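Chains here go by letter, A, B, C and D, matching the order in which they are written, and residues are numbered from 1 within each.
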Amino acid sequence: MSDLAPETATRVSVALRAQRIETASWAYANSGTRFKVFAQEGVPRDPYEKIADAAVVHRFTGVAPSVALHIPWDKVDDYADLARHARELGVVLGTINANVFQDDDYKLGSVTNPDPAVRRKAIAHLIECVDIMDATGSRDLKLWFSDGTNYPGQDDVRTRQGRLADALAETYARLGDQQRMLLEYKLFEPAFYLTDVPDWGTAYLHCVALGDRAQVVIDTGHHAPGTNIEFIVAMLVRAGKLGGFDFNSRFYADDDLMVGSADPFQLFRIMHEIVLADELDKGIAFMLDQCHNLEPKIQAVIRSVLNVQEATAKALLVDHAALKAAQDAGDVLEANAVLMDAYNTDVRPLLRDLRADLGLDPDPIAAYKRSGYLEKVKAERVGGTQAGWGA
Amino acid sequence: MSDLAPETATRVSVALRAQRIETASWAYANSGTRFKVFAQEGVPRDPYEKIADAAVVHRFTGVAPSVALHIPWDKVDDYADLARHARELGVVLGTINANVFQDDDYKLGSVTNPDPAVRRKAIAHLIECVDIMDATGSRDLKLWFSDGTNYPGQDDVRTRQGRLADALAETYARLGDQQRMLLEYKLFEPAFYLTDVPDWGTAYLHCVALGDRAQVVIDTGHHAPGTNIEFIVAMLVRAGKLGGFDFNSRFYADDDLMVGSADPFQLFRIMHEIVLADELDKGIAFMLDQCHNLEPKIQAVIRSVLNVQEATAKALLVDHAALKAAQDAGDVLEANAVLMDAYNTDVRPLLRDLRADLGLDPDPIAAYKRSGYLEKVKAERVGGTQAGWGA
Amino acid sequence: MSDLAPETATRVSVALRAQRIETASWAYANSGTRFKVFAQEGVPRDPYEKIADAAVVHRFTGVAPSVALHIPWDKVDDYADLARHARELGVVLGTINANVFQDDDYKLGSVTNPDPAVRRKAIAHLIECVDIMDATGSRDLKLWFSDGTNYPGQDDVRTRQGRLADALAETYARLGDQQRMLLEYKLFEPAFYLTDVPDWGTAYLHCVALGDRAQVVIDTGHHAPGTNIEFIVAMLVRAGKLGGFDFNSRFYADDDLMVGSADPFQLFRIMHEIVLADELDKGIAFMLDQCHNLEPKIQAVIRSVLNVQEATAKALLVDHAALKAAQDAGDVLEANAVLMDAYNTDVRPLLRDLRADLGLDPDPIAAYKRSGYLEKVKAERVGGTQAGWGA
Amino acid sequence: MSDLAPETATRVSVALRAQRIETASWAYANSGTRFKVFAQEGVPRDPYEKIADAAVVHRFTGVAPSVALHIPWDKVDDYADLARHARELGVVLGTINANVFQDDDYKLGSVTNPDPAVRRKAIAHLIECVDIMDATGSRDLKLWFSDGTNYPGQDDVRTRQGRLADALAETYARLGDQQRMLLEYKLFEPAFYLTDVPDWGTAYLHCVALGDRAQVVIDTGHHAPGTNIEFIVAMLVRAGKLGGFDFNSRFYADDDLMVGSADPFQLFRIMHEIVLADELDKGIAFMLDQCHNLEPKIQAVIRSVLNVQEATAKALLVDHAALKAAQDAGDVLEANAVLMDAYNTDVRPLLRDLRADLGLDPDPIAAYKRSGYLEKVKAERVGGTQAGWGA
């Protein structure tokens, strides 16, 4: 990329080499909407096969060395064995995602359920997830609660918040010193009137009450229309409470499309806040949380990883000194132009060079297609039950 | 209801006696979100049992004498027998809803699919539905297409519109003289980037091209945030193109909650446009299309029917002469006050009196609970497979 | 209201007698959109005349005994004299609203402006407002900042938050022991890309940092589409951080219509949270913040006060014991029905009785119209310059 | 731009040379929000000065040779003289925009006002605009109506539609054979409950009723959240009813920011539909309609023109054959990749080359700044009254 000054190219390359993006085990499984789950050929049938797919993504991209698990979807008898399997394939087990939304008991909520027995059961699951973290060596416990209500009056807001606080506190107390709790918020779905953790304010309030190792997760698809997500990024960074991202794209609601596919400029602005705060490699978890309902899954995950990488590369190109100078001078158009200049740059040549340096194919999608991996698993993975998101 | 002038009470009662609300067979079956379908006890296992439940709703409300079917969910060998079964229970078979969104072939669309063989198959299903209408004596074919795309570039907008127009024309040509095609629109879901019939403009354009017996259906949950639905009602009434409603409530997206539960004032405004245009009994189909994911289904349908009835009663109380006088005088506050006066009236006493006159229990919910019907079907409907929405 | 049990009627009446709603001086002045301000006859020309209008609202409603001021719109030489004028008319001066958005210096922000001299000036204004509070005896300083940016890159999020925190801290330090700072948030407008205090999370975070006398104000028109406002009410009540409301209605953005006119059910749900928490008379400020662009202003304010009163009366009718019982039992439909039963009650007879008891006309709108006040001020208020919102 | 094949570069250059973007006279004048209009130095004081500024934009960009007028903002005694002035400066007068929203008479509407005298006055203004078109040689009459209501019940939807239809018909009848009527729609603002032309469906319905020379204008800021604008572009192109664009950007409502600044990917998708349909130079009017509230106006208009040009260049780079092949094959990821490949290309080098070929400075912003024009008009334009948007 001849346009870049050598120092710039070096600085950007160094940062990009250190970048880590975590893929999600469930992205390799079947998924869909309430209307239909369209099954795809070659989809994994167990956690071992999911990890194999994740390892393929890392093999071709070089920046996706860990894979998040979802419990109980990825429940196995021997997590140490699963971790060993991952290592053999060149990846590690990452964040543990608790799931307290798919049991019949959870119809009216999990940790906020009016029934104390259900709350007890839900908390036990959260604590079981920490046990699993101990076995897998995972750092982060990610909590998303589908808890909420569908009708005004159905349950009491403040009472449910109290139940939530209690459950979080009990789980938090179980964490080890090096473990973190990441609390995710979401505006709506599956609850349609009230969601118990609907916004960053609620998640932040609870995390502050819990302590330093409780942090907020931003899922880019979980906001009301018109929400400025990069503002929330900056606010949480400023407060020391940004634990990670669940990346995906949305046009409408929680569409869970490939990150960067709906609004690549927004993704760039988010990564710009991260780079500006020098938080690219300071502990924030950069995770994908997507559903590839229509498109081939592994290829879609590769595309998503590349999209994050491209947005990051552009963010790294922003001239911070020029930006600050224009901002301090109140030069609205110049400040905007400095940002847009980075965004409008085609960073693909730079990334191709970087991959070549790392011994990777400069074009991961083409290389993956040439590898014949998909054809191989389509042939091998017959019989058994395909893993499904939400199943 | 002592506050009402006798003439008013009589006029309102006459109109309410003539009101007809159609319930949907699938509302009695299990439903849920992509996250989880929570099964309920006593849920029907076949179309005969669904119709039995619908008949119970009519028995207690007196204004729900027909039930819509969804094909293939309600496919039976002998539709004449199903119609006879319905009549024996005091109801009739209503609108036939085509379903071209749950077959693996429809992953990239049904009538707009890039593959002509899939389009052919979808059209064949639509025509099969007209065959069924001939057997059931149904007047209306309701068409909702989940067709759309998830990613920019995935397919071509205008090409898909051409395919859609062709499929609609072929189906329309098959209709009998007394049959209608009702075309439904929806902003998004399950398609997340582009929906082929996303708004009333698109549905209207196609219906105009087809002819008089093609009309638009308004599903109250299918709009972008901030859409003024009663405006669309008025526009379609004015153009002679309002075929019917799929009633339900939403706070966010297509939440499919009980009609009138999220914004009862909006439901009133919608019914006000209907009453104002004297369209309450002129052929517009008033249907429920809801998912009772958490709450008991039959009771929820009764509640929904009552909610429509109450909104209609309030709309009937609007003093049209006073409203017009205030509007013509440009008296903003008085015009608004005339409308609000009707809305703020408690019409439940009036409706209790009406039911008593009709030989019904004044309190349908209480009467239904006392009937023991739910306990009975819970005991009877064991074994077999519960019917499911989306299954 | 013969349907109510006497104990209920008494309990509700006692609560309603204690209710206090504060009207805003600027609601009596001309207002409009960026497209046009339509002037109305009889509009006040100075703060004294605004207070006279506010006193009329109180005279006919009995529940609006205070009026909020906006500085510098309501700047006078002698605030003690203004307070005396108010008292003579039967009202008192209420909340002081700071205005740091209408000076040319504030084009790029007030307390968050890149220019330290502008920040200095803005803080000086905030402190001047506390001086005025000392003179008027006002308890609350309400702060809304239009600060934000229009373009990505225009200024730095975290830097601006730091400036904001500094300004708030300096102003907070100036407050007397019995004075409070109420911080308002707003999604957008006039800033179109980033607003420095866009949501309750941001306002809450700053108020916690400041101390006990800093609390959050909820303006009902300042949220993203789909936001559950009553949830925020409950969260802030639970955290002891709800300072007050700016009531108004919206269909789209910050429309500033009469409260209760767009979604009366939402207003009821908000008041239900207040009543449920027993916070009706514990210090939360219930204020109107509206623009009567098209409709006569005084009459519109009276209508708005009545709307809040009616919503409160309905909220007071909710059977808390029955509600809790249904919630605890997980009876979704019954819990919803308990709430809706109160909402569907026509409380106007009860309120008419209450007014009669208080020596007021049962119909404040009719009485106001009969009073000839508007005709009188139309005749008197000629010459001079009409007061304008935003001017 | 060495990466492009020579044939491609030639094809793209030819198309870009033919592109025409119309700027708006009012963009050079002061503008703001209801909260504040911040005046800028050097702003024009009359239509002649506005045209001078527009000519500067054309001088530096080479693709903005016409300027739209707004009546009565740009009312002059001698339109032939104004046209001559424009020609001398190298530009021509373009679209005539009618304004029926800033007279006190229009408080309750213009062509839909309950008062027939006001409707009469509004129609007279529309017809006066056609007179002006005859004098200026303008092809297009652009109609945007602020008409609507703020409160439910305020006026009657269908009655207002009838009044609207009558006014449009009378105006349409006055058009010459070579003149067009462009009807614009807008969701809300300044009307907050109901807007008489809120969506493309309404505008389309009226334009069909009027005839071939009535077409719809898409203002990119006038939609509900989540609306897929490029779908509307395609629908209107397919129906032969797309008359033009009012380009601008929005994050929330009708923010009127610089086009391409909020969501450049959306702008690209819109231009992609235009290029795909080969409609770049077939009569669709590409206009800017923006408010530069904070930033210097002329520079902002230049930036906006460049943004449209860059989006167009990217759209021209889409490989239509490869796109169609992937679409027809149902290859979701490849089809998306073909589109994204064009979007991700940095077209600025190509545009610099194009400008050099045309004898323009490759960097219009830098050249404009060097020209000293802004300093010159700041010095010259003192005294008199600055022109204001909305004034």
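FYI, a residue touches a chain if its C-beta (ideal position, glycine included) is under 8 Å from a C-beta of that chain, and two chains touch if they have at least 3 such contacts.
Since this is a predicted model, take the numbers as computed values, not measurements.
Under the contact definition, subunit C and subunit D share the contacting chains A, B.
Interface comparison, B-D versus A-D: the pair with the greater number of contacting C-beta pairs is B-D. For this pair, subunit A with subunit D, the centres built from the Cα atoms lie 39 Å apart.
Residue positions of subunit D with contacts to 2 or more other chains are 108, 150-152, 154, 187-188, 193, 225-226, 228, 251-252, 261, 265, 294-295, 332-333, 336-337, 340. Residue ranges of subunit B in contact with subunit D, taken from their complex: 108, 114-115, 149-159, 161, 187-188, 193-195, 198-202, 204-205, 208, 223-228, 230-232, 234-235, 237-239, 265, 269, 273, 276-277, 323-324, 326-330, 332-333, 335-340.
Residues of subunit D that touch subunit A in their complex: 225-226, 228, 251-252, 261, 263-265, 294-296, 299-300, 303, 310, 332-333, 336-337, 340, 343-346, 348, 365. The residues of subunit C lying in touch with subunit D in their complex are 31-36, 38-39, 101-102, 104, 106-108, 146, 150-152, 154, 187-190, 192-193, 225, 250-253, 255, 257-258, 261-262, 293-295, 389-390.
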